[in-house]
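Order of writing sets the labels: A, B, C and D. Residues in every chain begin at 1.
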Amino acid sequence: MIRVGILGATGYTALELIRILIRHSEVEIGALTTRQSGRPAASSVHPSLAGKLDLPLEDLSPEQVIERCDCVFSCLPHAASAEVVKVLVDAGRRVIDFSADYRLNDAEVYQTWYGETHPDPERLGRVPYGLPELFASQISQAPLVANPGCYPTAVVLALAPLLAARLIHREGIILDAKTGVSGAGRTPKMVTIFPECNESIMPYNVGQHRHTPEIDQLLGQLAGAPVQAIFTPHLAPMDRGILTTAYTLPVGDTTETAAADALRDFYAEQPFVTVVDTLPATKHVSGTNHCHLAVRKVRDRLLVFSCIDNLLKGASGAAVQNFNWMFGFPEATALI
Amino acid sequence: MIRVGILGATGYTALELIRILIRHSEVEIGALTTRQSGRPAASSVHPSLAGKLDLPLEDLSPEQVIERCDCVFSCLPHAASAEVVKVLVDAGRRVIDFSADYRLNDAEVYQTWYGETHPDPERLGRVPYGLPELFASQISQAPLVANPGCYPTAVVLALAPLLAARLIHREGIILDAKTGVSGAGRTPKMVTIFPECNESIMPYNVGQHRHTPEIDQLLGQLAGAPVQAIFTPHLAPMDRGILTTAYTLPVGDTTETAAADALRDFYAEQPFVTVVDTLPATKHVSGTNHCHLAVRKVRDRLLVFSCIDNLLKGASGAAVQNFNWMFGFPEATALI
Amino acid sequence: MIRVGILGATGYTALELIRILIRHSEVEIGALTTRQSGRPAASSVHPSLAGKLDLPLEDLSPEQVIERCDCVFSCLPHAASAEVVKVLVDAGRRVIDFSADYRLNDAEVYQTWYGETHPDPERLGRVPYGLPELFASQISQAPLVANPGCYPTAVVLALAPLLAARLIHREGIILDAKTGVSGAGRTPKMVTIFPECNESIMPYNVGQHRHTPEIDQLLGQLAGAPVQAIFTPHLAPMDRGILTTAYTLPVGDTTETAAADALRDFYAEQPFVTVVDTLPATKHVSGTNHCHLAVRKVRDRLLVFSCIDNLLKGASGAAVQNFNWMFGFPEATALI
Amino acid sequence: MIRVGILGATGYTALELIRILIRHSEVEIGALTTRQSGRPAASSVHPSLAGKLDLPLEDLSPEQVIERCDCVFSCLPHAASAEVVKVLVDAGRRVIDFSADYRLNDAEVYQTWYGETHPDPERLGRVPYGLPELFASQISQAPLVANPGCYPTAVVLALAPLLAARLIHREGIILDAKTGVSGAGRTPKMVTIFPECNESIMPYNVGQHRHTPEIDQLLGQLAGAPVQAIFTPHLAPMDRGILTTAYTLPVGDTTETAAADALRDFYAEQPFVTVVDTLPATKHVSGTNHCHLAVRKVRDRLLVFSCIDNLLKGASGAAVQNFNWMFGFPEATALI
């Protein structure tokens, strides 16, 4: 039985994580933290946990967390997360970090996009990126794993095999992404209240979204040369789901079939990535840890569509998938 | 040309009001107020006004408003509204007040439900309730009109003719109401962010909603004796619309047809209330100033369904309807 | 390993059932049937099964189903269901019937509400109603179980303990129910296309809904005397969820607390029914087999709120809960 | 007073057209047609017209329409529309055709994309494309106007001024478009029922959408050379609205500001096109005849965002705008 803790357990990714962990036969939840005082019951913070989990959220020190947990999931904000994570890792705890703090290899890039000096720059470049479809062997050994961003997950699963096999060019990649509103978090803001975003679709953070350098880094790594994709996120009136429509330039005469076959081969042994024949929809993967991919050739472009649930394969599902690799459990435990 | 002003022009009812007034051939908008500084453009506060209205929102004193306007719509919060409204009315300006301040006749009831001493108790009881279907003659003469609450509008239009004609009992009235989220206003709160209220329906303020005394007062007035209805509001995952399902006890052998005919007769000359044969839906009146009513007998009860757009017939449409009566314009001007 | 079959596997309840059964460690899916020819892959009928289930839907005879399955879930329409179910049960297969065919005890009532002569009237009255919270001992022994209707589930879980304990009167019960659109099934109809029901709430089948006699029968059974509730369903713009707002007359001075305590005691050992302190929302139980209940006293009425997921606790979750009882597995297997 | 008729008045565009025409002071609706028999009341086909329009839908011959109407709006399907339109125009009636029949200049292109021999090929190339922002002078004189497709409207308004001024290249244009579900029409299909498309976003008709040749033709006309854009439509879970995200290659060092200024200058006198500073959202134009445009430079690309209401500026609003030009009324009559 692995005793796990969740730091910053008030948001949507924490709730999804708890829901999965309750189903996990090898896990005991030992700590849920919050900066709120008063030890609120989990079910008062997350009403859907009523009758399912009888634990409080507590304002715990890192030392208390270390004492209670073998493994810690951090849902803290960037910068705040690394401050605690480094203490936990130094004390020998294994950690899965939901923040962006350990995803980028370069502290300067981090500072440019996140506006803060990195709190733990020495570890950068040695923390595996938590996409088991690409990095399972590193993840299984790692004390600390950087859980991927939701958009990079959708994008990288779609394009990694094609870039690696040189079936598409690394130049001219355009990523038009659409997400549900849960991606914006649980803190009330005018832009996310229902009457503002219901019955509407809109672009946001154009040219400025913090997942941009993460996408560039991963795609560049796979292409073996720098990538500068045009990444444009949009907010769609739905709770969850990410659809990425990737417009790429095929190398030579790469056909739709060749590209789809390459994806199918690459993911043949992967339980959570499926290449579908019909056009995918976010609903088909909603509530699951799956990614659906499809390819279409339109005129001179190869389009790759990628759908995930932003809170599951894009966050908490992936985190448990990483956890399973780290602790030697079957990869799909609690994720079916 | 009537010069009008809108106090507290940042919310949803103010936006709808502006949209209607732009279409009104006899109106010139002279002032839009806000407590925000910096004179923000109307289109920066309400992006849908871009290209339609070139006016700032200003932090104006009552005196400035008096100077610029013949008629003022107050969208200020309760208590704050009456403080300004009394100054405007005393200065000879005509006012339509969206707040609850002048809707109740009794300052004590006001204090019980709103938790504040009424700022202008002397006027209570002399301000007409702005439902022209019932009180047009008073409205047309009044310096000040209390614009009705959204729920009371839906409820009173449904039941007034039946209570007045003694076709239903005043006892045992149950009002199960459903509203869209715009009714909760534009200030961000956790309960109204999209991922909390989308894909969900829930009761709220059960037994405590402030429209309760307003409903009781109006229904009691029509019944000629006290009414204590059970009023239960629910939040539905849609922008706008109110559906009220009223469960009533028919007097004697009142049939479905008799009740429907009574409603039809009562509203025969009214442009904005229609009794429909099929079951109504909020969508059928969304974006309009109309109210659709329908009657069904189920076992021993007479059910009356009532649909309005909460921001229009439930707020800003009604306000312009009142305005048209007050200034002698055809009732439907700018409301078709 | 129990080999199960699903008859009529193209709809929403069948999809949810498959999703649960895939997680069930003691189940092997042996047959999925459809009247469509061509043996379509499950993932072509239900795209969300891509990569999860590699089985065709087949046009099988009852004999073929009998050969392949130990237990059969019938998602066939009423009347059509009993025609097949009786063959399966006579052949010694255990069956969970999603249709209404075995829910009512009286063939005449069935004929009145469903407009058809009952195909298997001899069995009526001997088939347990599949609500394990009330009838677990009968269910565990039964060859055939009538899976409950979604609305009756929400209503009966809310009122059964109060009627049984004589805390509320059996007269004057008003049930205002709201459901998501998945309850209307997967066959395209104008009333359920998105632009008709999105951004709208509406009553439907008022006084005519076929769950009415089922509700009356169950409540009457618990009250020990006939019940004739006023049941009014509404369609809300969401995929799933049922909220029932029950207006009841308390016996004597039954308080809110006494009623809530009675519910809590009654369900103390039940894993899937929770009495909550705050007002419930359908979202809090969406995607789960749980029912959340809450009680409020408003003036002279006792209001009981009940939330379930119509496709899970209201259909497929309950079916697996029944299955677990019938085959001796822990009640919550595959349902957490 | 112009007597107008609407052919095929059962769908969503017809409903929006009726709503606008009811507000038009110079119009009298003389005929609404349908192939349904029984002369159904407009309010039984469109419940939102109850209390607003007292007219039946009739199965009329072209001759009857000619007799009753000065101007006809055809909402008939392609091919069927031209068969009637040519008769009406030959009889001297002015016609605004919502179908695609007169939008393309080339009968062969029509046959390729619509799979039918064009019923009236002689007129092709002489019918103005009903985008008054570009072709007002031709429209005002024309007996017949081809009302534009919704997607082409959004795309062409965004790119026309930039192509005409050679600020962007005609090569490499990628159009990622998102629409609400009303664009799919009112005929029930499985893909548009609520539980299939709610809470989901998906691409559709990739590489095959019939608006593709219309977009190519218009953009090519403006660029003065062939254009072959990559056009990818997506279905978003909302009633209405189109957002097009256009990815273009700037010519030379065209800046964001230069492009925005070019758009602003081009539309300076246009009442219905506004260049906004903040990022646009479909909600900001929903229910209006407006188009909001915005420009952003991201790395080496110039992005142009365009929002319209697909049923208004994308269909019925544009039709009345064309009507106003054709009959010499102020362009914005009934459209504010």
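Heads up, the rule we're going with is that contacts are C-beta pairs under 8 Å (C-beta built on N, C-alpha and C of every residue); 3 or more make two chains touch, one makes a residue touch a chain.
Values in this document were obtained by computation on a predicted structure and should not be read as measured data.
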| item | value |
| --- | --- |
| Given chain A and chain D, the chains that contact each of them | B, C |
| Chain located farthest away, centre of chain D as origin (C-alpha) | C |
| Inter-chain centre distance, chain A versus chain B - centres from mean C-alpha coordinates, in Å | 46 |
| Computed distance of Cα centres, chain C from chain A, in Å | 36 |
| Shared-contact residues (touching 2 or more other chains) in chain A | 180, 196-199, 237-240, 280-281, 283-284, 286 |
| Sites on chain C touched by chain A in the complex | 22-23, 43-44, 47-48, 50-52, 199, 271-274, 276, 278, 280-281, 283-288, 290, 292, 336 |
| Interfacial residue positions of chain C with respect to chain D in the complex | 12, 180-182, 186, 188-190, 192-199, 237-240 |
| Complex contacts: residues of chain C adjacent to chain B | 172, 174, 176, 178, 180, 196-204, 206-207, 228, 230, 232, 234, 236-241, 243, 245, 247, 279-284, 286, 296-299, 301, 303, 305 |
